[in-house]
Every structure is written in C-alpha cells, then in structure tokens.
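Below are two complexes that have subunit A in common, paired first with subunit B and then with subunit C.
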Partner chain A sequence: MELTFNVRRGDGRTKDATYQAYHVDVEPETSVFEALVKVREEQDGTLAFRGNCAVGFCGDCTMLVNGRQEVTCLTTVSKALKDDAIKIDPIPYAPTVKDVMYDAKRFIWDKVNSFSPGVVFNGAGWGGAQAVTDDDLRPVRRAMRCTMCGICDQGCTVIDVNLDFKGPAALTKVYRYVFDPRDGRAKERVVEAGETNGVWDCVHCWEASDHCPFDIDPTHRIMDLRDRSVRLGVKSGTGNRQAARHYNAFERSVENHGWLDERNVAIQSYGGLIKGGLKMMPTGLAALRRGKANLLPHPKRPGASAIKALFARYREVTRTER
Partner chain B sequence: MNRFAFYPGCVSKGSCPELYESVVQVMGLLDMEVEELTDVGCSGAGVLTSEVSDPINARTLAKAEQMGLALMTICSTCQGVIGAAALRLQDPEYRAFINKEYLAAEGLEYQGTTEVKHFLWVLVEDFGLDELKALVRRPLEGMGFSPFYGCYLRRPADVVGRRERRTYIEKITEVLGGTVVNISGKGKCCGFPSLTINEPNALAMTAKHTGEAKDNGADAMVTPCPLCHLELDGEQTQAAAAARRTIEMPILHLPQMVGLALGLDPKGLGLGRHFVSTAKIVAQLEPVEAAVTAT
Partner chain C sequence: MHDVLVVGGGIAGLRAALAASSRGAEVAIASRSHPTRSYSVAIQDGLNAALIAGDTWKAHAADTSAWGDGLCVAQVVDAVCEAAPELVRELDQLGVPFNRSGTALACLQLRGAGTARAAYVDDMAGLVILQTLYEQAVRAGITFYEEWTATSLAVEDGGCTGVIALEQATGELQTLGAKAVVLATGGPRRLYEPSTASLHCTGDGIAMAYRAGAPLVDMEFVQYHPAVLKGHRLAITEIAWAHGAVLATAGGTVTGDDGAGPGAFLRALQQAADDGGVEMTGAWDADQAKGLFFNTSHRVKQLTGLDMAKEPLPVRPAMHRLLGGIAVDAQGATGIKGVYAAGECAGTGFHGAAGLDGNFLLSSVASGKAAGLAAADHASSTAEPEEADRPLHRDRAMTAKALGRPGGEPLAAMRRELAGLMHGKAGMVRDAGGLQEAARRIVEMKETHGSLGAGSTSADYNFGLAQYLDLGSLLDVAEAIAASALGRQESRGVHFRSDYAARDDARWSVHQLVTASEAGPVLRESPAVAPGG
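Coming up: the complex of A and B.
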C-alpha cells in the first residue's frame, strides 16, 4: 500500500517546526517503525528518530502517531493510517533532540536511575528458607513487563504540570523491587520513592492505567507502593514531611471522628496550629463568611466508635503501628 | 419510586454544604427518595491505605445491603474509592476475610450485592434524560458549561463500568438547554489531591482547566465532585495569581445546574456560598413563573 508520512523536522529548539512529506510503499502489516526505517534508508538518511529492538521489548521507538503516543514497532501502518497519511511528532514531556528524536535520558532514565537499582538479595529461598513461589512473584513479573515506553507518563496529570515528577513508569520500577520477596531494601526504597516529586505527589487520577499498553496498571502499582509504605511506617520521604503530616492528620480524623475534619487536616498538613493556622487563615475566614466553615469542634459521626474499632483491628491484622 | 441509600460523604457535610442542600432539593423534585446513612465512615478518599479503607467501606456497603438499596454517592472520589472496594469485595475469598476479621465483631456480613452509583449516573440511568427534560422550567439557553468530571468518574474502566458514563454531564447539559463548552482536561485531575502535599502542582492544574474553560468561552464549569469544587472554586484565585492571569470562572455543582434548570431558587441552591462569584450566571437566568418548592 502507498501512504504518506508527515514527519516533524527541525532541531529541538525550533518552535515552528516544519513537516516533511515522505511517500512510501509498504505492506499493510508493516509497523510504523519499520516503514520509517525504510524512509531513512531509501529516501533521507538525515531523518532522526529513536528505535532499538523493533519487537516491542525496549519501548525506545515511542512517538506521537497522529497525535497519540504509540510504541511504533507494535503499531501497523494500516492501523495508524488516517486520511491516507500518518503524522509523526516527538513525544511531549521530554526535550526533542532533532526531528522526532527525544532525549530519552531526560524523559525516563534520569528518573529511573534516581532510585536505587537492582535486587539486594535477602536470602529468600536459600539455606533451607522457604522457597519463593510463583504466586509470590506474579505481581513482580507483571511489573517487569514494563518496557519503559513512557506512554503512561504521557497521560500523567502531574507530569503535565511538572516535568520533574518521577512519573508512573519510574515508580513502577520501584514497585518491582519493593514487592520482590527476594529484596531486602523495601523500607529504604519507599523512603526514596516518597521524596518530593515521588509517590506521594501522585494524584491517583488513573490516567496511567488507562494509557499503559501492556496492562501493567501503573496507577495501581503506585497505590500498592503507598499501601506498602504505610505498612512499613513510611508516609513521606525525609525531605517532604508535609505528605506524612497530611496522612497522619487524615488518619487521626477518620479514626477518632469517623469522618474527615477538613479544617484540622489542612492546618496540620501545613505545619500545625500556628504555621498551618496562619497559612489557612485567609481561606478559613472566607469560608466562614460564606457559611462553608464554622468554629465549633468537629463533631463525631454516630458510628465513630465502630470506625475506631476497625482501625484498632486493622493494626492488629496488619501489625501496622500508628 | 426510586429509593437509594444515600452516602453524602464528608465534604457535602463540611465545606460544601451547598452540594448537600442542592442534591436533596433536586432528588425531591424528581420524586426520588433517599435514606441517608449517618453512621458510616469516610471512604478514605484514596488517601488512607486500602488495608483500612476497605473494611470501612465494606461496613458501608453492608449497611446499604441490609436496607436492600443501591448506594448513591455525590462525590467522584467517594464513588471511585467505594466502587473499587466493592469490586475487590466481589472476590469471595477477600470478602470472607473482611467479614471475618472486621465486620463480624459488629454482627455485620457483606454479601457482595450492593450497587454503588453516583448521582450523575442515577440521573441518567434511573431517572432518565427524557423525564428530566420534561421537568425543565428554566432552560439554560445561551449559557455555556464546561464539564469537569473528577478522575474517579472517568477511570479506572473496571470501576466506572459503562463507557457512556464518560459523557453523561454533556448529555444532561444539553437536555437542560445549555451548551457544552468542551475543555481538553475535563477528565483530568483538578489538583485537589496534591493541594496539601505539592501546592504548586495543584494550582497549576487548576489554572490550566479553569483558564481553558474561560478561553473557550464557558460561562461556568460544572462538576459532580465536591473535591474538584473545593479546588477549582476555592483555589482558583490563588491559581490564577500563580499563572499571572485573570480567570473568574464560576464553578457549579452538578445538582446546582440541574436545580437551576428545574426552576429552583439560586440562593436556596447555595450559589451565594461560592468563592468565585456566580452573580453573572444568576443574572442570565430567565425568570420562572412561580417559585418551585422542593418536596
């Protein structure tokens, strides 16, 4: 079949990049990546894009195909075709080096490499210890399917406003180690992942899970990481205690009253009565004027004692300390 | 008559009282009965670990089940978190664990039958768009509304269920006579979950969504989530300042928009409680022949 690629050309700094048309004749089941390689080999050796394994393993060839981020070696031209053409752009949220070649280091590897790498063996399954079972490793294997294609990061609501957020791809990598029963550094890892721009900055919008082409469900992996962090007594990194203050205030509020004391959670999150009170003062006064807040003590829900009992039982069952 | 076990959540009983007031009035006009659950806990809002929020939500689901009613929520986050717990509790082994370890002490047992439905879904699926259209007394003609769902009414797919639920606000807006003004971020995060953890991120999200609604010519945004309302309304001034622009975009709760079209009094719907003035919206409303009283 004959088709036209309209490919973004220009260096990374060019704001008004131009599009160059390439006409190519390929089979319908040819991947977008292979077709672009054909263009580069037969028509234009200066065309720059990334790509490596060409079998969907490495994720390197991710590009915007007609505005949608795709692993291009897994996307056939017939599927991508729109009005007899395929528009190719570089992925957003990473500097473009040239044409559609993105800076993979800035996009993903700097973030992944900011976390401690490799399993630090804890002796599981050795020297007479209980063997690691297939069931134990199933969730880890699922996370290991991640190719770092970064499509989850494209959907990420936080990266959309803050490029420094580690993002679901890098945090899924952390999950892979923390949930590996052979690893002995879980606590240190969740502290690392809990620093600013880490796991507590995720807004759990579920976009990452919606975007992941490999069914890894990265948002769930982040929420699992948070749950494991809490189980390990870690509710933030060392540099962002506000996340821990927020968790603790939220937990105390529900545990003691059955429901949320919004006023106190905000004040405690921002540093306690004086610092948090001053910070919340303008909003609080405006809320008071509008009948959206009052100065009375936060009342208990009728079922508060039953909720408190659930918290006590949760600590017994999970052996989690406050 | 449709009846629901009503889960108002924390915020409608706290800093968004206008949501509670407006939804109760609208449900009355629609002749739909709600029985409020007053002794159940906060859903955990995706903040608390699911290891403690699942037992709390299982207790809520068990109480609705005892009443033989579906659970109606009025908050996207409550809907998503309780809905996800309900989905996990479909697993008989997990349900038996939660029942044995947590609910048995109170004499409760959850059988896994409670349906969890947001007011938005109830409006379309249980009441009906044609029926709603027939009740409109003050069409919102000439007014543009940008929908803003709140993440949990859009994702994850297995919790939200029917795909068409992703466009219910648009359908309701049109039935009420209003014009839909789309924005690219209508299914994105408002910023609220990050407000007390990473405020600049939260404000940037708020400025982006409200600013886009303004740029696209909306008269107001409408949301079925009080947390989105707290952020988009309550933090909008700070967000606009951080983005160095003027926005002033009124944010309506979904039942407020419905209530206005059904002829309810704007003041009674709590439009005066908002941080961003709704005066321009109220000024655009056509007069209704006789004041509507909610039953």
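Coming up: the complex of A and C.
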C-alpha cells in the first residue's frame, strides 16, 4: 500500500517545526519503524530517528505517531494510518536532538543511572537456607519487562512540568532492586529514591500505568516503593525532610482527628508552627479573606476514636512483626 | 588510552567488560547504540547448563556435539559445558531473576537436549540479562562511548592500538586507543532476508577483523530459525517448543527434527513454507500465554492481532545466526595480536555445524568472559603502544570521499539484491553453480559499492553514511560465506550442498579458515578453529 509520512524535521526544539512528506510503498502489516527505515535507506539518509531490534524489545524507537506515543516497531502502518498519511513527531516531554530523535540521555539514562546501579548480592541464591522462591522473584521479573521505551515518562503529568522528576521508568528500575530479595541495599536505595524528584514527588495520577505498553503498572511500583520505604522506617531522603514531615503530619492528623486537618498538615509539612506558619501565612491570609479558612480549632470526625484505635492496633501488630 | 576497549554493548560485550574490569583493567565500551538497545535484547530462550539433579556437563557436551554434526571442537565444548553451571550462577548473583521451581533453579527442555537444561527468565532472557549486565557495568565504572560506530581496527605493523570509530552525533572519526580490543559486534543477519536481524546486525566486527588480515572460520554454517512470525522479524520463543508447540504444514505436522538432524528439519520446513505455509499451534491456556510467553504473545498480538493462546500463528524459517566468525582460540584471541573476539562474531568451534537452542546465549556469556579476562591479562603485560596515525587518516579520507558521493536508493537496492542472493544461493540449499554465481555477483557489487557513498554531506547522525559502511561490511562477510560454502564439498549440519548431499568424514572433518587478499578470499583447511592452528 502507498502512504505518506509527514515527518518533523530540524535540529533541537524549534517552535515552528517543518514537516517533510515522504511517499513509500509497503505492506499493510509493516511496522511504522520498518517503513521509516525504508524511507531513510531509499530516500533520505539524513532523517534522524533511533531504533534497532524491530521486534519491540530494545525500546529505542519511541515516537509520536499521529499524536500518540508508540513503540513504532510494534505499530503497523495500517493501524497508524489516518487519511492515507502518518504524522511523525518526537515525544514532546523530552528535549529533541534532531528530527524525531529525542535526548534519551537526559530523558532516561541520566535519571536511571543517578540511582546506585546493580544488585549487591546478599547471599540469597538458589538452594541452601537463604534460597529465594519464584514467588519472590516474579514481581522483579515483571518490572524487568521494562525496555526503557520512555512511554510512561512521556505520559507522566509531573515530568510534563518538571523534567527533573526521575519519572516512572527510573523508579521502576529502583523497584527492581528494592524488591529483589537477593539485594542487600534496600534501605540505602529507598533513601536515594526518597530525595527530591523521587518517589514522593509522584502525584499518583496513574498515567504511567495507563501508558506502559508491557503491563508493568509503574504507578503501582512507585506506590509499592513508598510502602516498602515506610516499612523500612524511611519516610524521605536525607535532603528531602519535607516529605517525611508531610507524611508524619498526615498520619498524625488522621490519627488524632479521624480525617485531614489541611491547615495544620500544610504548616507541619513546611517545618512546624514558626517556619511553616510563616511560609503559609500569605496563603492562609488569602484563604481567610475569601472565607476558605477560619481560625477555629479543626473539628474531629465523628467516630474518630475508632480510627485512633485502628492506629493503635496497627502499631501493636507491626511491633510484633518486627 | 584504555587498557581494554570492548566494541559492542550486547551480552557478550558487557560480560567481557565486566570480566576485564574484575581483573583490575580500566575498561571502555564503544557501541553503535546505547548498550541495552543491542540485538541481544531480543533473545527469548535461555542458557543451557547442567543444573538439574541427574544431569551432567558431559551429557550437555554430548548433546552439543551430536547436534554439531561432528565439527564441534571437543576441548571448547568440554570447557564451556563444564563452566556453564557456574556461568549461570554468576548471572543470578549479578541480579538476573532466573525462574525457580520452589527454591531450586527451574530448567526447560529445549529441542536437542536430553533433559531439562535451559535456565530461563520467562520469555525474555536476553532483555533481562542485558539489563542486568548493563546495571553492573555502570556500577563497575566502565566508560561508555554510546552511539559510536567502529570503522576499523587500528592495526599497524601487526599490532593493534585500538579502534577507529565514528561519533554519530558529530560525524568525527577518532582513534579510541587501547592496549587490547575485544570485538563483540554480533552477526551479519542483515545479509539475508527473511531474517531475525536488528538494524545493527551487519557483521561489521567480522568485516573489520577480516580486512585487517585476521582469518575467519566456519563461515559456511548459517543457521535459520524454524519459526519466525511471517512478515516480521519476531522469532517465536523456543520456550513455546518446550511447552508443546506444533508446526502444522500442508503435509502434516512436525514438532522437532525427527532424528534427521536440524538441517533436514529446517529444509523440510522451508519447503513447506514455500509450498503452502506453516502454522504454529500449541495447547497453551490463556494463563500460560500471559505468564510464560507474555512478551512474545503481547508482541504477536500487537503485530498481527492474533491471540497466541487461541489462534495458530503463520510462521516461516528465517536466517538467524552465523555459527562461524572471527577465528579464535579458547581464550578468544584472534589472528591479530591484542585483538579478541566474543559472542556471535567469534568462531569458537563450540557450535560445530549446527547450534543447539540454549547454547547461543551460553556461548555469548562464556566467550565474553573468557575474552574479557584474556584481554585484561594482555593489557597488564603490555606497555602503552604508540598510537598509529595511518589507520585514522585512511578512514578519514575514506569517509570524506564517501560524503561526496551518491548513496541511498542504489545502496538500498544493492542490499535487497544481496539479501535475496544470499538466501537463494547461499541459504539452506546450495550448489556449486549458485555459489559461484553469488561470488561473482558479490565481486561486482563490491566494485559498484566503491563508487557510491553517503548521499549527503550531513555531519551529525548521517544514516546514509552508516548505510554505506554497513553494506561494505556485509559484502565482505558475504564474500567469505560464499567462498567457504563453495569450498566445503559435502553436507553437514546446517550446510547442505545439493551437489554433495552426503556427510564426508574422511575428507571433511576439518574447518575452513578464510583470509582476505587482493585477489579475493583465500581458503585454508585446518583441524582446529584457532587462527594459528
């Protein structure tokens, strides 16, 4: 079948990208990636995009196909086609290097490698007393389906506004270490992951899980990391105390009032009555003026004592576990 | 100048780098793509190792040799099979989450194995092992030259002082100096269509060694994968076979090699695929398809819409693997001092005339480790050599010329023709007439190739230049394959000559080494695969 590619051309992030049309004749089941390779080989050797394996494992060929982020070697042209044409752009959250090639170093690898890499073997192999089971390793394997295609990061609502957020792909890599029972560094790793731009900066919008092409459910992996982190007694990184303060304030509020005392949680999260109070003062005054807040003590939720009892019970149970 | 420079960031290359680093060498890796984007990532099956109670490395060695049809190098087979359990254990301790059965390692029985022997990671051993080795390579502080394309070995006066490489982002050629070089550049799959080739499977390392005077070995042995999704490059995982996959042809069903050997089995399949098509079916339930073959079935679904758990898949054989390569000894040393080779680009003699499923990954890990250790030892006993200027000037002149010449469509057309020619004349069924015709045509193509180039003068990310260089590598490897296939006047393993249909032990229990010369490839027979043998 004959079709037209309209491909974004140019260096870097020019605002007014130009589109070049390429006409090519391929089979309907040809992937967008293979069709673009054909274009590059036959028509224009200067057309820049990445990709190697052509079977959906190397993760290098991610582009926007008619506005949708796709692993292009797993997307057939017949599926992608809209009005006999396919529009190709680089994924927009990452800086563009050239044409549709994005800066994978900045977008993915620098973030992945900012966390201590490599399992540090703790002696739990196969056979013997410390041996791990397949049930232990199954979640690790699921996380390791990740090809670093970058599609979850491209869907991430935090990266959209803050390119420095480590993002679901890099955090899924941390999950792979922390949940690997053969690694002996879980605590150090959750501290690293708890620094600014790490696990606590995720806004759990679940976009990553919706976007992941390989059913890794990365948002859930980030929530698992938070959970494991707290179980290990780590509520944030060493340079990111605010996350721990927020966590503690949140917990205290629910424990003591049965629900959220937003005013106090905000003040405590920013450093307590004096520091946090000062910091929140302008917001608080504005809220008071508009009738969105008052100076009365925060009321307790009906049944708050039952909730408080739950906390006590939880503390008792986890103490026994320890 | 680095102690050890590894060219290629796949499983063999990363394993070599880690081994060299463990010996205290300062190590760098130069790779055409980010390491985890290498072809190795697409390997789905596992690694053979005698790990299950009752299995022995000798049984593994016996199965390997039987499949290799009398041409395996016994010493290499013994060494690799004996080391295999330890190699798998090392990978596990580096962080590969191999499947378990309870707390013991789980193994699958792949075709050609007498027992369950393949350690596996669902259906994504390549992806997971590659990722794990990369994690450890970063941890080990290895230097990465990502998106650098090697063009030549920097060889002068018989010694190697590094590699000439092109930085894709700038178009600059430089010498990456090293006391020892490990080539781990993969196979030449792009030489054939259909094939399971990644874009970068161009045999460039094999061609670099060949051009620098190193002998290649066993180049006539080109193995097809029996079941590749029709119209695509996706091999259907060998793990499916271990769970009862059946190939249905118009003439009935085939499940394995039926005792006639892998070559005959593949030829029968090829015939069936040409005649009326082949379909793969299995008695898998949805849970298996989702669990065991998640990665394969997901990709099949994306590409074809078919549900592997319920529907038959149209498949056909496609070129998969070169069994020979740069001739190396048991430590990975090539015919050039200071240059080592590992993985698919190395001809170790392990596979003989036909390679066993589960032995390919094993071979990459084993040869990678061996070559890495040997390269580190060489580096530690070698004084820093003076960098050679001539190879760099030669390659700069060559690429400068190429930038001014037309490329694109004529190169694409030539590769299409070459891939058809190799599949037709140097594929599963060969004869003297066809091979001579192929060899002649390759000479003509090389001539034409010399008058072509990059098609543009673009400096950064010039894929036209890459296309030109790749085709040059493919033509060099094609020449060596055609000459070797013409030379071996018998049939053995995956090499089938319709004009010499029988195996001839009296005459052909030898390997063929092939060396480049002005007048074309020169063949030499040898009982050993090692370059000096």
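Here, the second predicted complex is superposed on the first by the 301 of 322 C-alpha atoms of A that agree within 3 Å, B and C clash if a C-alpha of one lies under 4 Å from a C-alpha of the other, contacts with A are read in each partner's own complex, and residues count from 1 in each chain.
Keep in mind that, in the parts below, a residue touches a chain if its C-beta (ideal position, glycine included) is under 8 Å from a C-beta of that chain, and two chains touch if they have at least 3 such contacts.
The model shown is predicted, which means the values in this text are computed figures rather than measured ones.
Peer 1: If subunit A is used to align the two complexes, do subunit B and subunit C fit next to each other or clash?
Peer 2: fit
Peer 1: Tell me the contact category for A:Arg290 with respect to subunit B and subunit C: first, second, both or neither.
Peer 2: A:Arg290 sits against subunit B, while subunit C stays out of touch.
Peer 1: Could you tell me the angle at the CA centre of subunit A between the CA centres of subunit B and subunit C, given to the nearest 10 degrees?
Peer 2: For this superposed arrangement the angle is about 150 degrees.
Peer 1: Does the superposition put A:Glu29 against subunit B (first), subunit C (second), both, or neither?
Peer 2: Only subunit C is touched by A:Glu29; subunit B is not.
Peer 1: Classify the contacts of A:Phe165 with the two partner chains as first (subunit B alone), second (subunit C alone), both, or neither.
Peer 2: first
Peer 1: Going by the contact rule set out at the top, does A:Gly67 touch subunit B (first), subunit C (second), both, or neither?
Peer 2: After superposing on A, A:Gly67 lies clear of both subunit B and subunit C.
Peer 1: Nearest CA pair across subunit B and subunit C in the overlay: distance in Å?
Peer 2: 18
Peer 1: Same subunit A residues contacting subunit B and subunit C, which ones?
Peer 2: Residues common to the subunit A contacts of subunit C and of subunit B do not exist here, since the sets are disjoint.
Peer 1: Using the touch definition from the top, list the residues of subunit B that touch subunit A in their complex.
Peer 2: Listed in rising order, the residues are 10-11, 13-18, 38-42, 44-52, 55-56, 59, 101-102, 105-106, 151-152, 154-157, 188-189, 191-194, 196-198, 200-201, 204-205, 208, 234, 272-275.
Peer 1: Which residues of subunit C touch subunit A in their complex?
Peer 2: 33-34, 36-39, 41-42, 89, 92-95, 97-106, 121-122, 124, 126-128, 131-132, 135-136, 138-140, 146, 169, 196-200, 231-234, 294-295, 298-299, 302-304, 407-409, 411-412, 415, 454-456, 458, 460-467
Peer 1: Can you list the residues on subunit A that touch subunit B in the complex?
Peer 2: Residues 157-158, 160-162, 165, 196-197, 200-201, 203-207, 209-210, 217, 219-220, 223, 226-227, 230-231, 240, 242-243, 246-247, 250-251, 253-254, 258-260, 262-263, 265-266, 269-270, 283, 286-287, 290-293, 301-303, 306-307, 309-311, 313-314, 317-318, 320 of subunit A touch subunit B in their complex.
Peer 1: Which residues, counting only subunit A, touch subunit C once they are in their complex?
Peer 2: 27, 29-31, 37-38, 40-48, 50-60, 74-76, 97-98, 101, 104-105, 109, 113, 116-119, 121, 125-127, 131-134, 137, 140-141, 144-148, 177, 180, 182-183, 214-215
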